[in-house]
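Structure first, commentary second.
As written, the chains take the letters A, B, C and D, and residue 1 is the first residue of each chain.
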Amino acid sequence: MEGPALTAAAKRRHESLLRTLAHPTNTVPKLADDTTFEFNVIASEKLPEYAQLDLFHRAVYPFMLLAQFFAVMPLIGIRQPNPRRVRFAYKSLPMIVTVTFIAATLTLLAAMLKHLLEIGINAKNFVGLVFFGCVLLAYFVFIRLARRWPHLIRYWTRTELVFNRAPYEMPKRNLYKRVQLAGLMIIGLSIGEHAMFQISAILTYKRRIQLCSAAANVTAVTSFEDYARTNYDYAFQWLPYNPVMAALLLLINGACTFVWNYMDLFIMMVSKGLSYRFEQITARIRKLEHEEVTESTFIEIREHYVNMCELLEYVDSSMSSLILLSCVNNLYFVCYQLLNVFNKLRWPINYIYFWYSLLYLIGRTAFVFLTAADINEESKRGLGILRRVSSKSWCVEVERLIFQMTTQVVALSGKKFYFLTRRLLFGMAGTIVTYELVLLQFDEPNRRKGLLPLCA
Amino acid sequence: MEGPALTAAAKRRHESLLRTLAHPTNTVPKLADDTTFEFNVIASEKLPEYAQLDLFHRAVYPFMLLAQFFAVMPLIGIRQPNPRRVRFAYKSLPMIVTVTFIAATLTLLAAMLKHLLEIGINAKNFVGLVFFGCVLLAYFVFIRLARRWPHLIRYWTRTELVFNRAPYEMPKRNLYKRVQLAGLMIIGLSIGEHAMFQISAILTYKRRIQLCSAAANVTAVTSFEDYARTNYDYAFQWLPYNPVMAALLLLINGACTFVWNYMDLFIMMVSKGLSYRFEQITARIRKLEHEEVTESTFIEIREHYVNMCELLEYVDSSMSSLILLSCVNNLYFVCYQLLNVFNKLRWPINYIYFWYSLLYLIGRTAFVFLTAADINEESKRGLGILRRVSSKSWCVEVERLIFQMTTQVVALSGKKFYFLTRRLLFGMAGTIVTYELVLLQFDEPNRRKGLLPLCA
Amino acid sequence: MEGPALTAAAKRRHESLLRTLAHPTNTVPKLADDTTFEFNVIASEKLPEYAQLDLFHRAVYPFMLLAQFFAVMPLIGIRQPNPRRVRFAYKSLPMIVTVTFIAATLTLLAAMLKHLLEIGINAKNFVGLVFFGCVLLAYFVFIRLARRWPHLIRYWTRTELVFNRAPYEMPKRNLYKRVQLAGLMIIGLSIGEHAMFQISAILTYKRRIQLCSAAANVTAVTSFEDYARTNYDYAFQWLPYNPVMAALLLLINGACTFVWNYMDLFIMMVSKGLSYRFEQITARIRKLEHEEVTESTFIEIREHYVNMCELLEYVDSSMSSLILLSCVNNLYFVCYQLLNVFNKLRWPINYIYFWYSLLYLIGRTAFVFLTAADINEESKRGLGILRRVSSKSWCVEVERLIFQMTTQVVALSGKKFYFLTRRLLFGMAGTIVTYELVLLQFDEPNRRKGLLPLCA
Amino acid sequence: MEGPALTAAAKRRHESLLRTLAHPTNTVPKLADDTTFEFNVIASEKLPEYAQLDLFHRAVYPFMLLAQFFAVMPLIGIRQPNPRRVRFAYKSLPMIVTVTFIAATLTLLAAMLKHLLEIGINAKNFVGLVFFGCVLLAYFVFIRLARRWPHLIRYWTRTELVFNRAPYEMPKRNLYKRVQLAGLMIIGLSIGEHAMFQISAILTYKRRIQLCSAAANVTAVTSFEDYARTNYDYAFQWLPYNPVMAALLLLINGACTFVWNYMDLFIMMVSKGLSYRFEQITARIRKLEHEEVTESTFIEIREHYVNMCELLEYVDSSMSSLILLSCVNNLYFVCYQLLNVFNKLRWPINYIYFWYSLLYLIGRTAFVFLTAADINEESKRGLGILRRVSSKSWCVEVERLIFQMTTQVVALSGKKFYFLTRRLLFGMAGTIVTYELVLLQFDEPNRRKGLLPLCA
């Protein structure tokens, strides 16, 4: 169900729920007070309304559950509607899965590093190391995040409960729908990208065998083993080949691709969760236009606004590493792929894959940035109305709210090195163009060589 | 007539007009309330004063009318003095014209793309694709803008009515004259550019035929057909040649050039329309110096200032795509043309055209930027006087006004990625120089080759 | 005399002087009220104290007088202590001198352009055109400034009179001394630079003749004519040679060098004149620490601060073109000279001249920037004390003053494209390094060629 | 001892100490009032509690003492717990040591310059000049700082005494521990770096002798003399060789390396000393949450905050040259070393040294920047709580505090050209990447040549 008007009964229930929950609302989160929460978990056992509310936890849990299968963010109780049930434990099944995947990725990374040190690292084959390195880092960053997640999601839920009752209204498209849409789109497109990658690799392999066999007057023999050995040469130089191993390799590779995409998806979902609430605040402010508003209303609005800012600050401090990693990763891959734009490829399928992949990458990067920048845009959108508050309604609280909205940079950041705003994206685009121009010039000699002989 | 002192009678008429119009002044525009407007249209039928007022609609309509002939912004009733008569309809004559032009442009773009894929795309011949691509995008952006225009122009008119009566004074040169001047200048120079382009092409063609015929001992035969086939080879590889088709081609090409110029002209006119009102506010503030001013005056001024900011915000949200497109387009062409500065050309006429075109391009780009940046400059110009308000006249309203003027970026933006201010232009100039230096180095080998043989 | 403690009598005389002068102090300058000034000129004839006061006009007039001999800023009455005597007239002796010099410079520029078009313009020989072009532009910019100067200097004097009496104190080193020091240093170093340039040219010429004659077994004949013809080949290809013409050429060249240096000197003097007053305001604020200050004192300080900001704004609007020209000129020459750092030169004297010239250029550029940026630094220096104002003394006026100091960018600007602050200098340094790195790479092939044969 | 809870008696003693000390707390430091201090030195002779307090002087003195052995910051009485005993004198033992080291470094620099002028300066061997030049400059900058240090450390101590008593609490890890940790880490790693450098040089030398002797069928003879002559060729071309001289040379080289590292260490310690106090202010503000706070409390907090800002300002004005020098030095060496990443080296030990050195350099640079940027971050951390101050507790003082925290850039700066904040680091990283890309391209031809012959 998505955001129906709450019945009076439900509202009353909400309010009692809020009373029991709301008193610690204003505290800065302290990780130590988890024990008091444990008690509350039992007390609120009879409050099944969580499933009815438009909460962030409800919106993201399907994707977090999916991520668990790929060993990302090992948490227990993620399926429970009550965010208090979410727990982290080192001794748990998800954690075992995660450790297994990390070990596998580490093996691949080591195999690739060994391989590259043998044939010589250059700017082109470096990309594989970056890929596996980023994924490995992401695993660790997600584990660190998972440890904070139970506390974070409880704090988040407490802060957002107030937005589920009047005078706040649910926007036309609720949080659940928004997150679903973004999530399914990213996942769909990334599956497409990975499938295209496999198809491109298989077709290229087949055609090469056919042509080279024909040239050498040998019967063309394509086999899964040969294909795997060719494409994962770095791994099979080290590991013994057998079909199970090859299948595992493909699986690990797929998991890595998932993680690589999930980083961005996760940032996007969190951003949507935050900007959604700022949107509700803006909507509430907008409704006040032309009305005589009492100071107490402004006090309340400002309190909620400040609470959201505090939540954002807390989320930012937990997520900053992930954001930094995702940005560096995206910038590297965008630069890398842009550099290949003028390269000649052998088969049409390679072109199709390349362009699909490039556009997907740029699109995903832009989408993450813009979604995150939306928090910043949304947090300032109420200013226009507040500036029109008449002399009569004007009070210190409005002044404080305007001052805060004007001077505070409400945005996710990469470890405070930069804030994800629209202006940043503009600056970055300019810088990327500079890099590309220099790199293209650098790469000119390689590009001129053209294609390598097919059957070397 | 241009801004004479209004007679008392006219003033009274104005005020009644304003009373009937002004009550919805303070609302944020909602597209849905068009129906209530329809009623007003009939009610205000007896108010022909629109033609007497110094309104934005009156200033721009000649150019918008002209643009209609080139299929830009298909609107109905643009000639009416009353902005409420302006309407948009999908089933209308202007729309049919627009669709026709779009189809034609699309055909040219497709023909060029096909041609380039055959001969190989490179950085030099890519420019044609960008040109037609930008024009095509502009058509669509203008259609989207046209849909919003009826509402926008009504909202704009309502907001600016108040600036047509005392205490606001008309500046020495009114809006109509300003827009005329800028518009005629741009159109004149762009016609010059296009004419020069044609002359350069024709003369180059003729000289080549003469010289090559002389070299091959053949009688030189120049014909319109041959000229068209040579210069529009990409089109006639696909389309059958006949004189009508060739004439059409020239027409479409001309229309595309018009659209390409009109983007900038339109932004310029809108900018002038907005900064003109801020200028009036500044003038009013300036008159208050050395006077004891009551708070109610400041309340009024602040209200008008906030209204203008809201209008700007609304215009910006409607125009941002156009601004972004125009900026990217201008930057690309400036970079492209600058890159050709050191190229050798064959005939003097080529040099004349090249330099005229380059200077025109840079001039136009700078002019658009500076005109748009004027909004920003003008919006802050009252600050100096407000800072000198004496302790006695000082009140919360002045404080609010100063705070708003100081902290708000009042400027058109490119989708909020950047704001069109003077500082941006400085930063961009620096970046363009970097790009050029790298690109010049890149292009060095091509440049050294010099001219290709004439009669290949 | 430099800033002695004023006697009581002198003080009283000042105050009467101020009374007669001060009433138009607070008005934004209007060029039209010059006629009322004319009356005042006669009235204040009996006020010879101007020569005793520490005024900007008194500090700069020696340099402005010197500049007149080189046709810069043609004004009448610049020697008068009373700034009201300064006048501009198209029909005047200085103007005739200026026009003559402009004509001469124009001739040189045309000769050089003609010469370069014949031998082909490239990035290296382009520098001469830039030099003469900048000087020519500077002449025109200075004429435009001269027209505004009489009004500007009166307005300036009126604004700064208040800083000549208590409670303002004269800093240890007064304005006159500061300007003298900076001016004499720049002029001394620039004469050194020009002399070195001539010596380098002469020695190079002599050695070449000696060596080449020796190589060709001819008697070495050096003559002024030959020297002039060699070094000013571009001019004598067009003009007939005779000794007077050659001497004139050297003179014009020297005058151009003077103008080229004077641009920076002038900006520096104006900057010192402005920052001096802000320094006095800071000093006054500093004295108030630990005292109970009444609101009226803060009102007065704020008034003077705002007046200085207004004056700065007015000066900036008059000088912006000059600042822009000077910056572009300096950046171009710094980049150009830095590019030559790795070039091989033939004689030690060439190295000495090159390094002297390069260091002088960089030093002068940095000096102009830093002096101008000092206005910005100085204008904010009072903030520290104001922030410590105790709760008791706190009042709206302090709040306004702090707010203004915090949010207003008090600095000279280049047509508002950028503000001359210390941070700008940092950004520009970073950009120049980028340019240099790219340009050095670009210039690599030329550099490798080494020296051209001596006796070609 | 590290920050135990103070006993009541100690507290009382503190307070009397504070009374005697605190009255000049609010004054801007004037270098002239040193004489009054001298009196106080005697008066406070009976106050041995300095050694018990968590003061900056106590935290840094071990490292400053160590630095004295390497001739950095020649001060007397640095070992005394009482900061008033610290003195600077030109005629003192430390000063003699310093002058000796400066002379030695100058000799090395001159020898290297002479050597390079003979073999030709290029971008690669330029690095030695930069190293010795920076060290030499650092010596002078440190002497200038030493002259100001006695006054500065007294002012600092006076300002920070207040943070040693209630209501301020000591953070978990006190200043002494923090500085120790950072200091020992840097010193340990830098000793490692220098040792690795020597080992790498010795092994390279030995292997070369062995291989080349074998190739030439000569007995390999390695000696300290030959080693010294090879590695310090520039010095022994000028100076006579003898073992003492060689040992001295190694010593001077080591001292230079120490100074080169100590610059960064010193900035880091100062930064930690400042951000520690801001952290205490933040902690105090945090404790006020949910309490009804009287205005007097806010007055006190604001006073301490302003005092810290003033202290920072004063420290910045004394240290700016050092910061500028350290930044330029670090940027140059990071760029230089990054450029060598793709170079081929001969022996594994060279790779180990190179990578250790590169990572150490980048790590140290980032660490200095981040530690300095922490001041900025910490100074704004109280804002979140202050924004939540309820309407009841709201007062002008809170407003002033928020305004100041929001608008003032509280950070160390490089002569005000830039402020050491996290955003700066981000911008610099982007610029360094641009430089590297261009430089790598530039250096391409050299890189392709590969290793030079071993036994040339």
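Rule of thumb we're sticking to: contacts are C-beta pairs under 8 Å (C-beta built on N, C-alpha and C of every residue); 3 or more make two chains touch, one makes a residue touch a chain.
These numbers come from a predicted model, not from an experiment.
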| Starting at subunit B, what is the smallest number of hops through touching chains needed to reach subunit D? | 2
| Which chains, if any, touch subunit A and subunit C both? | B, D
| request: Tell me the angle, as a multiple of 5 degrees, of the rotation that maps subunit C onto subunit D over the C-alpha atoms. | output: 90
| said: Relative to subunit C, which chain's C-alpha centre is the most remote? | reply: A
| query | Taking each chain's centre as the mean position of its Cα atoms, how many Å separate subunit B from subunit C? | reply | 39
| query | Got the subunit A residues that touch at least 2 other chains? | reply | 403, 407, 434, 438, 441
| request: Could you tell me which shape the graph of touching chains takes: line, ring, star, complete or other? | output: ring
| note | Listed in rising order, the residues of subunit D that touch subunit A in the complex are 286, 289-290, 377, 383-385, 387-388, 391, 394, 402-403, 406-407, 422-423, 425-426, 430, 433-434, 437-438, 440-441, 444
| In their shared complex, at which residues does subunit B touch subunit A? | 26-28, 295, 299, 303, 306, 309-310, 313, 396-397, 400, 403-404, 407-408, 414-418, 431, 434-435, 438-439, 441-442
